[in-house]
Amino acid sequence: MMRNYSVRTDLALEERERFESDNVEIPGVILEEDYDEEREIRLTRVRIETENGARAMGKPVGTYLTLETPNLAVPDEEYLREVAGEICRCIEELIDNTGCGKEDLSVLIVGLGNREVTPDALGPYVADHLCVTRHIVREYGKYAMGMEHANMISAVVPGVMGQTGMESAEIVRGIVNETHPDLVIAVDALAARNSKRLNRTVQIADTGIHPGSGVGNHRAGMTEESLGVPVIGIGVPTVVDAATIVNDTMENFIRALESSESLKGVGEVLRSYNAGEKYEFVKELIAPHLNGMFMTPKDVDEMIHHISHTISEALNMLFVNRVSTQES
Amino acid sequence: MMRNYSVRTDLALEERERFESDNVEIPGVILEEDYDEEREIRLTRVRIETENGARAMGKPVGTYLTLETPNLAVPDEEYLREVAGEICRCIEELIDNTGCGKEDLSVLIVGLGNREVTPDALGPYVADHLCVTRHIVREYGKYAMGMEHANMISAVVPGVMGQTGMESAEIVRGIVNETHPDLVIAVDALAARNSKRLNRTVQIADTGIHPGSGVGNHRAGMTEESLGVPVIGIGVPTVVDAATIVNDTMENFIRALESSESLKGVGEVLRSYNAGEKYEFVKELIAPHLNGMFMTPKDVDEMIHHISHTISEALNMLFVNRVSTQES
Amino acid sequence: MMRNYSVRTDLALEERERFESDNVEIPGVILEEDYDEEREIRLTRVRIETENGARAMGKPVGTYLTLETPNLAVPDEEYLREVAGEICRCIEELIDNTGCGKEDLSVLIVGLGNREVTPDALGPYVADHLCVTRHIVREYGKYAMGMEHANMISAVVPGVMGQTGMESAEIVRGIVNETHPDLVIAVDALAARNSKRLNRTVQIADTGIHPGSGVGNHRAGMTEESLGVPVIGIGVPTVVDAATIVNDTMENFIRALESSESLKGVGEVLRSYNAGEKYEFVKELIAPHLNGMFMTPKDVDEMIHHISHTISEALNMLFVNRVSTQES
Amino acid sequence: MMRNYSVRTDLALEERERFESDNVEIPGVILEEDYDEEREIRLTRVRIETENGARAMGKPVGTYLTLETPNLAVPDEEYLREVAGEICRCIEELIDNTGCGKEDLSVLIVGLGNREVTPDALGPYVADHLCVTRHIVREYGKYAMGMEHANMISAVVPGVMGQTGMESAEIVRGIVNETHPDLVIAVDALAARNSKRLNRTVQIADTGIHPGSGVGNHRAGMTEESLGVPVIGIGVPTVVDAATIVNDTMENFIRALESSESLKGVGEVLRSYNAGEKYEFVKELIAPHLNGMFMTPKDVDEMIHHISHTISEALNMLFVNRVSTQES
């Protein structure tokens, strides 16, 4: 049951599913699920509450909210506004947990990833559509925004290491030390384990951003520990690792062998392998030139545009529009 | 030996290799190879000379030149200028075959593909860096270019069907009928069968562009038959189909089974399958959501930038600079 | 009173104003104005009904609708949706005039201009956000769109002559001959005479697109005469010609001289010049290197993004969404 | 003679010219000029050596090198490589002055400006084409670069305040404090006084970047004082202020009046105004909506692409290629 092999996923939900399939309760990990049937939006809340739970899940202690809907990349403005509303509520819930307070927040939003590679451009595109307000509030005061309370929103697209020679985390840490936000929100494209998740999932977590995942793996950790302020990570799976796809197919293959009359023997032998052994076996079979490759849908450009727009809208709702509505 | 299954490739070279591995001479198909050891450039010339050869290869009668070098995407300007020189000579050879003549040519260069999806943006990027001259020659005469002979180069990026509602072929046919070039050169990103070919291969063929291939499959045929003028296609493999990758791994897997002591039986059973049966078997195992997905390297943006620049340089050398050099 | 000098403007409204200031009724030209006070939207309708009117105005016979609002580039989604609704109604009025009919229209939308130069990118940006449907209706029939009627929308960004070596009009004519739309709608950035018009004006005319204007002057005429189908032009002033600005200032200067005690003499001399003589005088003073320069606001990027989005929305409303609403 | 009015320019050369036309030697300011006739490259070196000189020039103490060539935006690769060589030597001269040393330098290159507005995109485009090496040297050591010495080059595009809510200077200061480069090089688009300078001038200065200039005025100071390390600024004039153009024309106008028989009186009156009075007079005449507008050539996109490429090449020559050549 220990996690001794790793098919790469950035989604706590997928880590949890791995266990579920083994029918195990994990101590220190709480799972809640809500399904809004009419709007086809599923909200899963994974709380990792103990270090044991964290070890079992391979993810740090914290809360992971996952929104799923089949229609995340569908160009229906009205529906996407409702999804944005849901994302907005999720972020708000996690901010409440941080104890930052709710009024006159100063927030730095970081658009991670590489603007030049379509499936990795989610973070930069979200940053492109944000309403930044920090410079206005600083110059004219919050009354200039026409309200009693006003959040100071700033945004940055740090670029990726191959373009900057620096880790995104270094750049963000420098900016945090210089501009002192109360909170960092980092948006990034993720790698999923299951290609069915592409196009339809948003994960929001209060544990920051951790190395070793994502499309370009462009970051060392950005966490409350390393930055000194709470870090909320918003991630959307936009690619699947090449190795993952192959692995999935192998598992189908092995199942097919197990149920084949003429090949039953193989099935039995293979069944005796545990998941880790199977993975090692498959890994050997994957040509080394597959490393560094990812898989993405052909319509990735439209998908990225729609989803990034929805996330920007959620952030603008939460930090800019909502304030003005509450006050008026 | 007949081709009754199809792992997608746009490269004649890969079609040919399929047979080679079966150690068969294909009537009507001639293969020549040149290797420039010092510069590590391999030039393969596949000539499909008969309809029988065309049927066997699954590609139309014509000449397919393939340049391969491990360094196509390496940022070494001087070396890439030499590669551009090679590409330039290949295009020239095919133009000679068409009988268009060599002087005062009017050429429409078409940048196929989707500018918004990195691995499909090769054609548009090539078009971006061309020296177009048609409007200058038409307005001021060829002496304006300071030479006795001057080619009239025009270029267009037709976009993809999801953006335009039209097939690229319709747009190009309309423009050809209106502007009457002597020759069309279409540049496109291709799908390869083997991920090792990404980053290092350029195919130049005098058979035009054929439907059913490429990243976004964004085109009906553009051929001498449909456009009324010769069409040279320049293609660079930038993606591999998801199904192809999985298939490759399965073949490794099957080979592993064949040589495994405990699983020998399976190996024997599987070995009795022919290639087509194996492919069908694998295809069933691949989840349907893999259709419409492609695989691409993580550094695809740099690769596309470097290669598109080299191809533009080859075209500018051939049509613009060379003329002025010859004349002076 | 005859128009013997020309300060460049693409706006019929500005041509009309020139006369108005001279307090002249122009035969064959009808002017109507509507002002929606609450929403601050002014609609001006200039109808040039006779050839005499056309000569006087320096613009062809036809209907020119001009929407003006101070808030065209303000990021207020709800308000901009109302503006989009107004633009939608204007286009519909002009389509009704053409006699194309209203149902199952086949429309080619052309995004003129240069994507690489911010103030000239309006047309391409509008094209980026259109819902094209032609390929879907052609492949699956209009019932695939879930409605009894469906327009076939196609879109193209022809690029500018410096990129393509071809006139936009050649490219569009070729595509029209190949795909046979019922109607062409061309969207373009315009030059205004008065910098106050930037940011706040949309002109919609049923007379097509005429050479000699716009930012890059990237087009010969696209008219019903040259294309064989009605052509509606949608234009937004995004730049002012350098010479125009200087001219405006000179006029202020001359007025200042006229009212100055010590310089009264000059004022009198200058007042005796007519407008044409003044313009010639000013033109000589403008250094020749000012030709080919234009003037644009510093926040032109946001302005272009907002306005192009509003126009796309108007077109999508009219051709795609409205149909589905009417039917249901 | 005191500078009591200000027509905006970022070029020390133009400040100096202002005095020159008044035929004055400025104490504390040394001017040297070199002209390479064959290649048509003019190098002007303005050294402001004293605080008095600085006050007279309105620019801080330091060295300002200005390269001028009529062909800076002409697409002649070989020639531009020579210009890059000149720029490279200029930067090297200023680095020598700083006393940073020459070997194993750690340099942060900052691409200032707004990628979305063509004439302001120079800095970002330069950053796009740099060879960054810091991450490679840090991970593998300088021997990984195949040389005994290796510079650690990093690059960042901070964006503009309207996009980030932060001043570029805040972002850069944060990154400098975090990554400790020996030297900062900031590249930016400038405003010129004279439109003839567009397209043909590069200014390189060891005094950093100062507020109140440039296209978008997107920065508070970045100087050795504020960042703690030497700052070299590389600037290229890409726009002229609208007010400047108008002012130039007025001066032509006034000269025309002065030499006109019938208007001689005005000429005399106007001649009695000093430059500051004239400027105030003109400023009143310029409509207030001209503020915030700039003027730029129509082919600004090509110009920016060519020049940014040349500057990147100069920086790559200096920091990456030259090292490897010297060592081998």
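Going by the order they are written in, the chains are A, B, C and D; count residues from 1 in each one.
Assume a contact is a pair of C-beta atoms (placed from the backbone, for glycine too) under 8 Å apart; a residue touches a chain by one contact, two chains touch by 3 or more.
Just so we're clear, the structure is a prediction, and the values are computed from it rather than from any experiment.
One inter-chain figure worth recording: chain C and chain D are separated by 37 Å, centre to centre, where each centre is the mean of the chain's CA atoms.
Between chain A and chain D the centroid-to-centroid distance comes to 41 Å (mean Cα coordinates, whole Å). The geometric centre of chain A is 44 Å away from that of chain C, both derived from CA atoms.
Those residues of chain A in touch with two or more other chains are numbered 162.
Taken as a graph of touching chains, this assembly is arranged as a ring, one closed cycle with exactly two partners per chain.
Touching chain pairs in this entry, ordered by label, are A-B, A-D, B-C, C-D. Residues of chain A touching chain B in their complex: 114, 116-118, 162, 195-196, 215-216, 240, 242, 245-246, 248-250, 252-253, 256-257, 262-263, 265-266, 269, 281-282, 284-287, 289-290, 292-302.
Looking at the complex, you find that chain C touches chain B at residues 127-128, 132-136, 152-159, 161-167, 170-171, 173-179.
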